[in-house]
Structures are given as C-alpha cells and as structure tokens.
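What follows is a set of structures for review.
Look at the two complexes coming up: chain A is in both, with chain B in one and chain C in the other.
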Partner chain A sequence: MNKRIPVGVSGQKKMYTAFIIVAVILFVLTTLYTNFNPMTLIENGDAFVSFITEDFLPPALPKSSRIPGVLSSVLVTLALAFSSTTFAAIFAFFTSLFGSEKVSPFPKLAKIVRGFATFLRNIPALVWAFILFSSLGIGTGVGFAALFITSYAFMVRAFVETIEDVSQDCVESLEAVGASFPQRVIQAILPSCLNGFLSWFLYCIEVNIRASTIVGMVGGGGVGLTLFTYIKGFQYDVALSIILLIAAMVIIVDRITGRLRKEIAK
Partner chain B sequence: MEQTIVQNTAKQTDNNAVSKKEKKIPVGCRQKNKFIPCFMAGTVLLTVISLMYLEIDWIKLASRVPEIGKVFAELAHFDFSNMDLIFSSMLETISIAVLSLLYSLILGVVFGMIAARNILRIKWLSVLTQSLFTFLRAVPTPVWVLLMLVCLGMGPEAGVAGLCVHTTAFFTKTFAQSFESIPDETLEALEATGTSRISIFVNAVLPAAFSQIAAWTGMRLETNFSECAVLGMVGAGGVGFVISRNLQSYEYGTAGLAIVLVFAVAYCIERLFVAIKKKIAQ
Partner chain C sequence: MEQILKFENVSKSYPNGVHALKNVSFNVKEGEFISVIGPSGSGKSTILRSINRLIPISGGSVCLDGVSVSDQKGRKLRELRRKVGMIFQNYNLVYSLSVLQNVLHGCLGYMNGIRGVCGMYSEDDKKKALALLEELGMEQFAYNRASDLSGGQKQRVGIARAIMQEPKLLLCDEPIASLDPSSAKTIMDLLRDMTSKRNIACIVNLHQLDVAVKYSTRIIGLSKGEIVFDGVPSELTDEMIERIYGTSRENLMIGASANE
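Showing the complex of A and B:
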C-alpha cells in the first residue's frame, strides 16, 4: 500500500506552488533590501510593554477645558468626510455618464474621462492634500478639496462599472426607439443603477471618515490634528483616549452605513 | 422593468405624434423602495448642515485656485538630479508594503482561524478576537505607524509593524468570513472521520478559501502601497517623506517626479491585478 491515490485538482496544486514561490522570493528580496528583522520587534518587546503600560494606559481625559474642543473636532472630521463625499458623488454621477462607451453621447471621449479618473485616483489622498496645501494654504477647505478629488475619482470608476454591469439592454432598447440622452439617463440608467450608486456612496463615506482623520493630521483640521498634537506633545495617555474616540466614531459610522445598505437593497 | 421602460418610451412617442389616446397606461415600477427618496433627502440635508458647520471661506479658496495651476506647472518641470534618491526610497516603500503584506498574510490566516466561528469552536475566543480586531481596524494606519515610531524609532521596522496592525486586522475579518462561508457538511464529514481541528483547517478549509485569500491579498497590496506612500508624510521614511519634504522646501521638480512615480507604480499594480482577475474568471 505504498502508492497513494492522488487527490485534489492538479491545476490547483500548480497555482499553490507558484503562489508560494512568488511569496518566498518577494519575502527574501524585500527583507534583504530593508534589513527588516522581525527579531528586533521581539527584542524591543520590553520597550513595547513598558510603553503600553506606563505611557499609554490608563487612558486619560484631556483637560476639562479642552473637551468641547475635542468633541467639536470630531464633528469637523465627520462633516468634512460627509460633505466632500456627497459633492463628489454628485459630480461623479455626471462624469460617469460620459465615462461609459455604451451610454455616453460621445463614446470617443469615454477613454479620456476614465484615464483622467485613473490618474486622480492612483495618487493617494494625502499627496493631494500636500499639493493643495502648498498652493491653497492650510485649512479645512483644503482638506475638503483633497478628499473630494480622491473620492470623486474612485466613484467615477465604481459608477462606470455599475453602469456597464447593469443597464445594457435598457439603454439599447431606448436608443432604438429614439430616446434622447437625458431620457435614456432618467428612464434607464437611474432606476437600474441607483441602488449600486448608493451602496458605493456609503462605502466611500466609510473610507472618507478614515481618510479625513489622516488628512487632518497634516493640517486639514479635525480630530486628526488634535491627535497629532497630543502625540507630538508626548501626552500618550490623552492620545489613547482620542484614539478610542476615533475608533468609536468609525465603528458607529460603519454600523450605520451597514444598516442603511440593507435598507437600500430591500 | 425593461418592459415598462419600453412601454414608457413607446407612450411618449405616441403622445408626441398622435395625442389621441386620452388614457395613460400607468408606467413605473410598483415595488418602489420608499426608503431611497428619504435617504437622499437626508443626505442633502446633512451635507448642507455640515457645510454650514465647517464654515469654509469659499471666496478666499476660489481666489487661490489659479495657484494650483502654477504648482502643477512647476511640478511638471521634472528635476532628474535626485533620481537615485527617489528610486531608492521608492524601492523601500514597495518593500515595506510587500513585507507587511506577507507578514500579515500569515498572521491573518492564524487569527482568521481563531476568529472564524466554525473552526476552533471556542466561542468566547472568536468573539474576543473579532472585537479586538474591529477596534484595531477602526483606527487609521498612520496612527499606528506614529505610535510604532515612538516605540521603535525611525526605520523600516516601524513602518512594517504599523502597517501590519491594520492589514492583519483587515485580513482577519475577511479571512474569517471566507472560512465561515465553507459549508458545515464538509467540516462535519471530516470530523466524523476523526480528523483533528487543525488538520481539518489545513486540508479542507484553507484550500477551499484559497482563491478568496489570493483575491483579498491582491486588493490589499494596492491599498498597502498607497498607505505606505503616505506614511512617509507623517514621519516614517520612504517616498512619502521625499514628496513632503520637497514640497515643503519648494523643490517642486523632485516632488513632481516622485509623485509621477507613485502614480506609475500604483497604476501598474492595479493593471496587474485586473489582468490576473480576468484570467482567474475565465
């Protein structure tokens, strides 16, 4: 009974080996390049523990005079994320109509529109923030613009994909009877794609809540800036309570968007 | 749905041309979701409130818009003199992104196994891990990196460790979901043969979830790269540091080149995974 019966799909096994080989090669190369040694993490374990137990725990509240400021900075972050996403969604909707070859009245421009969106999207929000800071100065308005650009570009891509997935036949049949472009949009694309659009919009809000915290850190205002100030001021216990606040904010927003998504999909 | 639309347009052309038919055929979908209009109205309302709360000085902002054009023009004058610095920092960024991805992949599989309810079947443990990682996931990555910088000092260690926190948390959640989607019958059948839990996991659950794991990993590489490019801006090394320092010291040429490079790499990763996805889907 030495011979084994081969089980499993042979193609899958090949994919496994390829995957693992690529992973190992990448691992070796990157480790050599960065000189990253996981042992240093373990060696620094004491520093970790002492940092966490001494500096970090227990979470301390900021001075009572500062508490309203902290809370209002949370509101700024939320407002920033929400308003920029809504504006981006409105603009992205109109752009995405021109980004899909099958719907757009100018099919030749579709590629250019999509390329433009790809360019905007592949540059991270924080880089946009820095470019805009150097031209517009620091402030919430600039944070708004940076978030707007990235979520706009992301939603253009998502909306174009939604349009192409859903409404081919409707649009074609409407075109056949001679409906104009606005008619096609209102009668075919909107009804069939609205759910998809809205769920992408909710996803974008989730992403932007995190992003607006980060953009805030480099000068966009909001709770990110508050956290950054406390970390730079070595007040780690206060920073921890703000981190907890941020986590609570993100989790609550995620919960709400999850509920809304279920309601919309009904 | 289609029918109503076709009817609708047919009706419209009828109306335009003949307008003899007085009675209208009721069109429009009957099962409309009443929630959506409410939702849209609420969104608009909240947006207006938040804009009022933000008190952005739009006029001042608009007056500075031409400056953006100037900055972009200056960014486009590439300065190739610091090419080697940009390239080495770029390689560092990519390495950190890949390395943190690989470490979190292993950690994510382990923690995903613990967090999935159908594998170890220790309920309190899975609830505990899930809630811990929900917390870790909710805090943005740069915060973790900043804290790691405090602990470990400058260097790739802080970047990798900080990125790992968020990536592991993300993988734990998604992998646990993929593990849980495996039908109970498979697990029961294996259990009946007396296989241990760990070997059920290695031999049945992991292969079944493999394609999903690969897909999530690909998706995460994109995110990790852009996060990693950003990390330099809050104080860790890599290409983000080059960009932010050069922008702050008005050396737009170097910064522009670095930004274009970031874009090019991000674009290549995206294209690569679109191609792989197509191949898998075939």
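Showing the complex of A and C:
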C-alpha cells in the first residue's frame, strides 16, 4: 500500500542496471585477459621508484652546445604539425564538398568519399608513419605525409558534418535561385561554415602537435627524435627536461588554440 | 492571361516507398495567388519543390513557361530556376553575410564565371537591391548581419532575394509558420502586394485556413497526395474542409476571420 510511485521513463532503470552489470563483467574479463596484476606493480615498485628518483631526477639540461639543436627540433615539430594540418585542411575542404548527399553535385559518390575518409582515418598516424618509413625511408617529409593523411581524413568527416549541419538550408535556397555549384560553395557553404571549419582546424592542430611528437620518435624528426636519442643513450635526466619541454609546448599550443576557438564560437 | 505553370498527372514516390503525389494536375496563370492547404505529409512541400526541380518527379510532366522542367540540366535548369523565386519557412539565408549580400544572391542565377562565384555584383544590381530593401522597409539593416534580424525581418530579406530574381512565379513554403501573428500579417500583405504589383503568380503552402481564405484568389486542397479541392475561397465549404483534413471543422484550429 505504501508502494513508491516511479518517476523515471519506464524501462530506463532496467536498461541502466543491465548496462552496468555488462560493463562490470566486461571489465573483469578483460582485466584477466590482459594479465594485469596490481601486485607486480607493487612488488617491483622499488625498482620503479629508484629509476624515477635516480635516473630521471633531477632533470638536467643538455650540453650547452646542444641546446640550440634541441630548441630547433621543437620548432620542427611545431612546423610539422602546423603545415601538415593546414595542407590537409585545404584538401579536406575540397573533398568534403563531395562528401554530403545534400550538397554534392554527385550525390551517389558521397558515400564512397566518406567511406574512403573513414578508412584512412581509422588507421592511426603512427601506423601510417611506420608504413611510410618502411617504403620511403625516414625523414620529416615522410612524417609530414603521415600526419597529413590522418588529419585530412579526420577533417573530411568533420567538415562534411559541419556542412550538413550549418548550410543545408541556405544551399537549398541558392539552388532555387539558380546558382551554380561553385557559386553555392563560395556564396553559401564557405561563409556559413567558415567558423566551424576553423574550429575543427584548430582542434586538429592540437591533436597533431602531440601526434607529430610521436611520429617524430619513430623517424619523423623533430623533438620526438631528440627525446628518443637521449632515451636510447641512457641520458634519462636530459630526457626528462625534454619531456617537460614537450609538455610546455603542448600546453601553450592548447591554450592558444582553445582561446581562438572560444573567440570563433562567439 | 498567360499560362505559366502546367502540372500534368504528376506523381512522386520517395525511395522509402511513400507516394507523396498521385496524378496531380493543375494550371497556374499569370497574377494568380494560390494557397495550397492540407495536413502535414499531404504533399504540399513536394509540389512546390517539384516545380523548380529541387525534387525530381517520378511520373507525369511539369511545364514551366512552356518548357518541361524534368528534361533540363545544367545551365538550362539554372535558367528555369531563376524564373521561380522561393521563400522558405526557415528563411534559409546565409546568416554570416550582410542583408544586402543575401538580397544580391537573387542575381546569382544570371551571373556566370568568376564574377558570379566571387559575388562581384554590378552597381545596377546593388541599386536595385537597395531599392527593394527600401520598399520592404529594411533599408537601415542593409549592412547588418542576417543573423541579427528578427524572424519577420529575415523573411522580408527572403522576399527581397526572391523578387531580385525577377521571377514569373513565386513559391512560398509555409512562409509564416515560424512567425508571430503581427509579423505573419506583414509578410502576407507584402507577398500579396509585391506579387500583384509585378504580376507575379504566387503559390503559398499554408497551415492557416483563415489566411488562405483571406488572401488567395484560388485554393488547392491536398489530401494524401491527391487534389481534393481546387476552387475560389468562397467554394471552400465545411464539407470540403472535412475532405481535405479528414476530420470535421470543429476539430480544427481555425482563426476567427474564416467565420466572418
């Protein structure tokens, strides 16, 4: 008689309960499968702590003659990220025009364009880097290509969605006016989507700053390669300074792009 | 009077199997002001969009100014489309551009090459656009961003863009559905005055029966993709309304003026 009156959407509670049970079971099973044992961490904790305190700390500066080289390698990483993203954005813009059924002059091809972009994107930049280094040899140019491919594919998807969200209505009205496809692109899609495109572009720069460091480590040059050289030379204290330098670089770029994205959204 | 539009046995079925139009036939003459009424999903939007081929039809023929619409492609299609102005429920402006730029978009159908793409409009076109804005009482907003306007003002920009095309026919897809009653009246008055002044035929999709009766010279009633009524407003009896909406008049929200 004192039955509580339910207030939620019917069936929703059951669904959440089932979801949590499945998630817990999956967690247990997957943890067992990966052989993760918290005890190993604790048992070997001493070695880990001494590695950190003795080898890594305190951070040391590289030899003063090497400092300009390290700093210029940071610049290489920044340049790599910025130029590959910019290049990718330009190509992605032209591709994305054909990636939406609602806007493209060849709607039947839109699925193929999107599928192609999804395929490229689902292979991580690091894998592209390995593929390209194996075939073309190492170097910044190849690192550029690896970053270009993934950010190009990512931005095609993002731009297509922006176009469908923002400019579908005004594209329809310009079509009714009798505007040609290039006119619709420049007069409707570009002005209405520009802020969205820029925001995705800045996000992609953030991502690529990190990715270009990693791609650099495996042969793309830049600060990643410098870090890797010091680690391989057992100069962990110098490596730590470089890790801190990388962190500072990423934080600064994130803050700048974050600020710009906020300005754009206004 | 010159005949502008001819619908002959037009049918349209969408890939998902919906038959939006079934054997629809009607003609439109110069200077007519036609309201198309009917419940949601009865095919009102499909009729409008098949006129300028925003939606390709599946059967029958649509003749605009003596030319069959469905055979046209590329440049010929653009030439046909610029004869038909269109006004949308959601205004469909480019909100990041100025009001004047949006009005000038009406010229794009006449422009080719790089000038059209980059929006290098002639001084004559600009003067014409400004004059139109003045006629609509919008001249002080010419250099505002379109996003800064109110709904009624946006729709006036939409009208200016359509008239800028110098169309023979104006299509209005629920032009007042998103507007408050006072803006709605302004917009309907403007549509009637501007089209009659220029002898432009006008087809308006409406949900407001009272507005349809008050403004139209002719009303077309649609039900499930078929024309069930085509006549002057005075012929629209309660019985007809019931046929169009599938329910009796008492169950419909109809504004007071329809009863006068």
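By definition in this document, the second predicted complex is superposed on the first by the 251 of 266 C-alpha atoms of A that agree within 3 Å, B and C clash if a C-alpha of one lies under 4 Å from a C-alpha of the other, contacts with A are read in each partner's own complex, and residues count from 1 in each chain.
One rule holds in what follows: a residue touches a chain if its C-beta (ideal position, glycine included) is under 8 Å from a C-beta of that chain, and two chains touch if they have at least 3 such contacts.
Treat the numbers as computed from the prediction; the structure is a model and nothing was measured.
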{"item": "Touching partner for A:Leu194 - first (chain B), second (chain C), both, neither", "value": "both"}
{"item": "Touching partner for A:Glu263 - first (chain B), second (chain C), both, neither", "value": "first"}
{"item": "First (chain B), second (chain C), both or neither touched by A:Ile138", "value": "neither"}
{"item": "Per-residue contact with chain A, leading partner among chain C and chain B", "value": "B"}
{"item": "First (chain B), second (chain C), both or neither touched by A:Asn35", "value": "first"}
{"item": "Contacts of A:Leu174 with chain B and chain C, given as first, second, both or neither", "value": "both"}
{"item": "First, second, both or neither for A:Val127, with chain B first and chain C second", "value": "first"}
{"item": "Partner chain(s) touched by A:Ile186 [first = chain B, second = chain C, both, neither]", "value": "second"}
{"item": "Chain B versus chain C as contact partner of A:Ile231, first or second or both or neither", "value": "first"}
{"item": "On chain A, the residue positions that both chain B and chain C contact, one per complex", "value": "169-170, 173-174, 177-179, 183, 187-188, 191-192, 194-195"}
{"item": "Residue ranges of chain A in contact with chain C within the complex", "value": "167, 169-170, 172-180, 182-183, 185-188, 191-192, 194-195"}
{"item": "List of chain A residues in touch with chain B within their complex", "value": "8, 12, 15-16, 19, 23, 26-27, 29-31, 33-38, 40-41, 44, 47-48, 51, 75-76, 78-80, 82-83, 86-87, 118-119, 122-127, 130-137, 139-142, 144-145, 169-170, 173-174, 177-179, 183, 187-188, 191-192, 194-195, 198, 210-211, 213-214, 217-218, 227-228, 231, 236, 243, 246-248, 250-251, 254, 260, 263-264, 266"}
{"item": "Footprint of chain A on chain C - complex, ascending", "value": "52, 54, 77-82, 84-86, 88, 90, 92-97, 105-106, 108-112, 116-119, 158, 161, 165, 171"}
{"item": "Footprint of chain A on chain B - complex, ascending", "value": "1-2, 5-6, 8-10, 12-13, 29, 33, 35-36, 39, 43-44, 46-47, 49-51, 53-58, 60-61, 64-65, 67-68, 70-72, 75, 91-92, 94-96, 98-99, 102-103, 105, 134-135, 138-140, 142-143, 146-147, 150-152, 156-157, 160-161, 207, 210, 214, 226-227, 229-230, 233-234, 240, 243-244, 247-248, 250, 259, 262-263, 266-267, 270"}
